[in-house]
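Structures given as structure tokens follow.
Each of the next two complexes has subunit A plus one other chain: subunit B in the first, subunit C in the second.
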Partner chain A sequence: MSKPDQSDLIPVAGNGLLHRRLFLRTGLGAGAAMLVAGRVGAEPQRPPWMRTPGTGMGESGAPSPFEDHVVRAPVGSQPGTTGAGVSRTPLQHLDGIITPSRLHFERHHSGIPEIDPDRHRLVIHGLVDRPLSFDAETLDRYPQVSRIQFLECSGNSGALTAPEPVDGNCASIHGLISASEWGGVPLGVLLEEAGLKPEGKWVVAAGADAAAMSRSVPLEKILDDAIVALYQNGERLRPSNGYPMRLFLPGWEGNASVKWLRTLKVTDAPAMAKDETSKYSDLDADGQARLFTFPMGVKSVITSPSPGLALAGPGVYQISGVAWSGRGRIRSVEVSADGGVSWAEAALDEHVLSRCLTRFRAAWQWDGGPATLLSRAVDETGAVQPTRASAMAGRAPESFYHYNGMQAWAVNPEGASRNVYV
Partner chain B sequence: MSKPDQSDLIPVAGNGLLHRRLFLRTGLGAGAAMLVAGRVGAEPQRPPWMRTPGTGMGESGAPSPFEDHVVRAPVGSQPGTTGAGVSRTPLQHLDGIITPSRLHFERHHSGIPEIDPDRHRLVIHGLVDRPLSFDAETLDRYPQVSRIQFLECSGNSGALTAPEPVDGNCASIHGLISASEWGGVPLGVLLEEAGLKPEGKWVVAAGADAAAMSRSVPLEKILDDAIVALYQNGERLRPSNGYPMRLFLPGWEGNASVKWLRTLKVTDAPAMAKDETSKYSDLDADGQARLFTFPMGVKSVITSPSPGLALAGPGVYQISGVAWSGRGRIRSVEVSADGGVSWAEAALDEHVLSRCLTRFRAAWQWDGGPATLLSRAVDETGAVQPTRASAMAGRAPESFYHYNGMQAWAVNPEGASRNVYV
Partner chain C sequence: MFMYKRWMAPSLMVAALMMAAFGQAQAAESPGLGVPLSDSEVAAVDLVVMPDGRGLPAGSGDAHQGLDVYQRECRICHGDGGQGGPNDRLAGGIGSLATAQPVKTIGSYWPYATTVFDYVRRAMPYHLPGSLSTDEVYAVTAYLLAENGIIERDRVLDAETLPAVQMPNSGGFSWAWPED
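Presenting the complex of A and B:
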């Protein structure tokens, strides 16, 4: 094999962006300029934890105490209520595409009910021949599917609609997105068993929380790919994600994937529930409100570097982030280190799944000067993530749902990043 | 849409196995014979947990207290030692293909060290031009990859080599396999930076546990697809899986993916360490021992029904299980309900990934009589999971590593399952 050299560090865009071939190869090195490791003379001295046996096997493996800063950021936002608010996934501390279930974002409207699964029923009624009742044990006997897909609150990234850039980080601005393996029963199977009447066009889903949170979903989506989810990342749903069962609508705004699913009523029209009229609707600048704007747009964000993660000094770094689209797979992601003047194609990790987070990476030789990092995703339908100006066009000032404009992080000479508009 | 009928319940093999088309469709029902739901008259009464707000948002979401039986089964097996033994993944309670990190199996040789990442170094030395030292923060600057893959102890399922069937379940017999998204730095990049000398043929990996557990790995594998793993299922590795870094060798026996990775020494020959000579080697009936038999064979197990999960009475059930191969993707899985006389092709869930668990499912109409369930996997190389007789042929009586014969579960008229040989 050849000795390390600079030949792999091929500049492809302004301000230090390198060719993604660094990420597309194995078994061939990255060149001496990647040398951020320290040279040593011999085998290292044994650390204290090698001098005594460690702890034994346990029923459950917990994260390291040295990682106890990796938690969600809970915010109870509605005055005078309990259990109404959000907690956000700490994207800046994560990698890959799976979100650990303990760190999946939350958005609750009246807190998390503690449900005894033996006493919980899902009832399908309304415009059906036979109203039916299911418990979790019964549902386990039905044909099931599992898929790795994202769930995103339609309010995610809405902080970027503020007139001036907020002082935020990946979690506080973009942390209302997570991706999991969701497993459960396709709803088409259950609705057919109940016997759909021809006049049924919508399904109103309601939860077993104290808010009885409800949303109307077009029957077409329900029959296409909706599931009653029972499992998340291999285990039963956790209470904060709908235990013992939730609706899951791939690619659609999270609020419609009703947690603690209790009733599905087939109707001929939407219910015009609170969370599809006064909330989770899009107000245009001309005063018109758009309802039922379900699919989430194509979007991406650089998670490292990002606010709170300081660069150690000039040198080569991995830029890493996630991209997603409610309409299918990510086709490509580009990154810029000069505020959008020039762009480099990012490498995508192996699993590029439909309606899922896709991990992208780029190599960057930071010269220690100011830099503005941006990412821009394109999905398989050809939809391109918009600039902020484009994402704001036609939007009423107070409208913050479904914002998918590009995120810009400004890196200063100290290596710190902050949210900026370009 | 047509009314539910029996037309989808197509028998394809003996003792009630139905055609997998039930699992391959959405939006069209499964027919009235799938009716295990209860009929109801109207919307149900509100349960107590809807009458008061639930708990608020938290920093971390825990599993439901109603699921506290879903834990690993720890066994400290070596007399006179602490921290030497295993804990097993409760496969019978899981679904999909991801194993939650808290339930990933463990096999430790001297317990779990509690490592301060700021004081941990990985040193690459031996037959290299420049010995190098890396900490986790440095490694984060290198090109990384993430892939969803299984890890299996080569002793997994070895209980089936016993002369008589043991009284076990999915966890106790097959629970030394788990699948995760593993993220980290391809080792080829780091070794090239250190500068490989031409006489280097093996890499001896050693951990920072008190046993300094070590294994020799052919350089070819290291340069092909080995990584220094830093992330598991999106977050930093947990201490029981090697925090802050471990070796990960896709498809190879788990013991070689050394946890708490501390040194990688490039050598011209294997070290003949304890765990590749006296242990983790395969003894043949003729007295010959085979060393360095790394790839795990093609294998499958039905996780439901299985011992501990009782059937509720005659009717339609979903048979579900996992299949995997250390040599690539699963091509197909067949199931039998009559002890291997006849076979039905199972449906595979959407994600069929290389060297990963693949979830398979089949529909089964149980008549309430005795039944013997089996599964048989085929991988993309054409390798077929062997019968028990074939898997035992040529094996010394005390040899239990790398057992991949078929698992048979006998279902009795009460709906209970047990391990049997067929």
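Presenting the complex of A and C:
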């Protein structure tokens, strides 16, 4: 399907001669063109798609071809690999709080396994009375819950720890967060069935990917709100999100929510796996490091305006963005247009859910001069998103995990934004 | 109003049951459909190696044998002697963590030697995980520890000796969990 020719949209005869360039220059779309055409009293007009019946129904949907720029970019992988890296959610092109499944960020360590669900089992073993195995079909018969919650890679926003501001956009800097409706079986039910031994304190989860990626999770979290997720946004998990089953730990660093879940071993201590020691640990400037930074800190980012979304000229704009906290609900979000000197409270959309993205909005009259936009979130525990300076305090160079400092976008007189430090 | 309440009662009961089942996991009734497994069925999927050595299989290897394995299976991605390139650097950097250029490697950063065995057995070599024998995993683990100057090249690693290896940065970590 090709894009419509703009000249198709504009009346070609009658009194309503319109200056086509005006529309192109201000970027007004077909809808506006039709409205004006009507007003000047020409014959009722039909765009091409109203002159013939549209295409038929189909078994599976896809976005409009006009939205083909809305993709998970940039994608990156370790040298010589395609499956040891990330793809990022294009936050700057999305609204609301749910991430379409096709745009959910990815962080894999050895690619996406192609799993036949009939040949996949989840094994629960270790400090239990009865080691048990479950397949996806069996798990469907268990009591299930569904919740709308975020998943965030602990390396998300880590680009802001660079000594100089990187030339990035919402996706490249903050695109390792997404939110979905996750449905599945509370893990406590399965552990109960296996019979927990009193010495059990941790659960080592491992995936059925080529890396058999593993993480140790405190039993307390597993029994509190962990699920074996089977569904994402109402459909079975996508392969890139752990099909046919994954661990989901609300609010905790994404890596611990092991995809393609294959084994859960109840232990008395953490296994000290590569991805909880070598990686995803926080090195401080004094050479000491912290393991097991699990809940993701309170954070927010303005998604519009943001780099790549230029303002068309002075006037009233909506500032919009997302805020989230691994410790519960967002209580409030404030925005600043003067680099943090003064702040205004943003409006929150209706859905303010625990450990989920919350959409905030504020109206802004841009006078065309330079401006620096910031947002700052507060969660229900009272935790306030830190400034960059305080989020950086004590960090070792290149220590980039678990960064939740504020994002500043500088808007120039041309209306373009870029990442800056204030 | 009365009628309404009478009609509501059963569904309230259902709601309470659902909350018991769906809310607090421990209180839930399980349909009990899990399939019991034998020890050998569990062993077939269990790759967990604990820092104290639990989970390590029988077998052994030293750095001399490990050099062969490394040159053949690892060097192309991790460089000569684990010095890195194109993929992660695995050796060196000891003492660099508190400097302006910290270099995180097995030798400089990792708190436990068992993690090397656990990880290599799970995931390496990247393109053919699971292709090394148990002895080869011990051997290449010994090689990486020797390259980092942590053990002698003649040191034979097995289920007893590997967990006894003292890592230079073993005291370099605190836990952020549980939170205070």
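Convention: the second predicted complex is superposed on the first by the 373 of 422 C-alpha atoms of A that agree within 3 Å, B and C clash if a C-alpha of one lies under 4 Å from a C-alpha of the other, contacts with A are read in each partner's own complex, and residues count from 1 in each chain.
We take it that a residue touches a chain if its C-beta (ideal position, glycine included) is under 8 Å from a C-beta of that chain, and two chains touch if they have at least 3 such contacts.
It should be emphasised that the depicted structure is a prediction, and the values quoted were computed from it without experimental measurement.
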Fit-or-clash call for subunit B and subunit C when the two complexes are aligned on subunit A: clash
Touched partner set for A:D129, first subunit B, second subunit C, both or neither: first
Which superposed partner A:S342 touches (first subunit B, second subunit C, both, neither): neither
Partner chain in contact with A:M272 - subunit B first, subunit C second, else both or neither: second
First (subunit B), second (subunit C), both or neither touched by A:F294: second
Touching partner for A:V204 - first (subunit B), second (subunit C), both, neither: second
First (subunit B), second (subunit C), both or neither touched by A:S332: neither
Partner chain in contact with A:Y142 - subunit B first, subunit C second, else both or neither: both
Touched partner set for A:Q365, first subunit B, second subunit C, both or neither: neither
Most subunit A residues touched (candidates subunit B, subunit C): B
Which superposed partner A:T387 touches (first subunit B, second subunit C, both, neither): neither
Residues of subunit A that lie at the interface with subunit B and also at the interface with subunit C: 81, 110, 123, 125, 130-134, 138, 141-145, 186, 188-193, 210, 212, 223-224, 262-263, 265
Touch list for subunit A against partner subunit C, complex: 78-81, 84, 109-110, 123-126, 130-134, 138, 141-145, 186-194, 204, 206, 210-214, 218, 220, 223-224, 262-263, 265, 267, 269, 271-274, 277-278, 281-283, 285-295, 396-399
Contact footprint of subunit A on subunit C as seen in their complex: 18, 21-22, 24-26, 28-37, 41-42, 45-52, 77, 86-87, 97-98, 100-102, 104, 106, 109-112, 114-115, 118-119, 122-123, 126, 129, 172-179
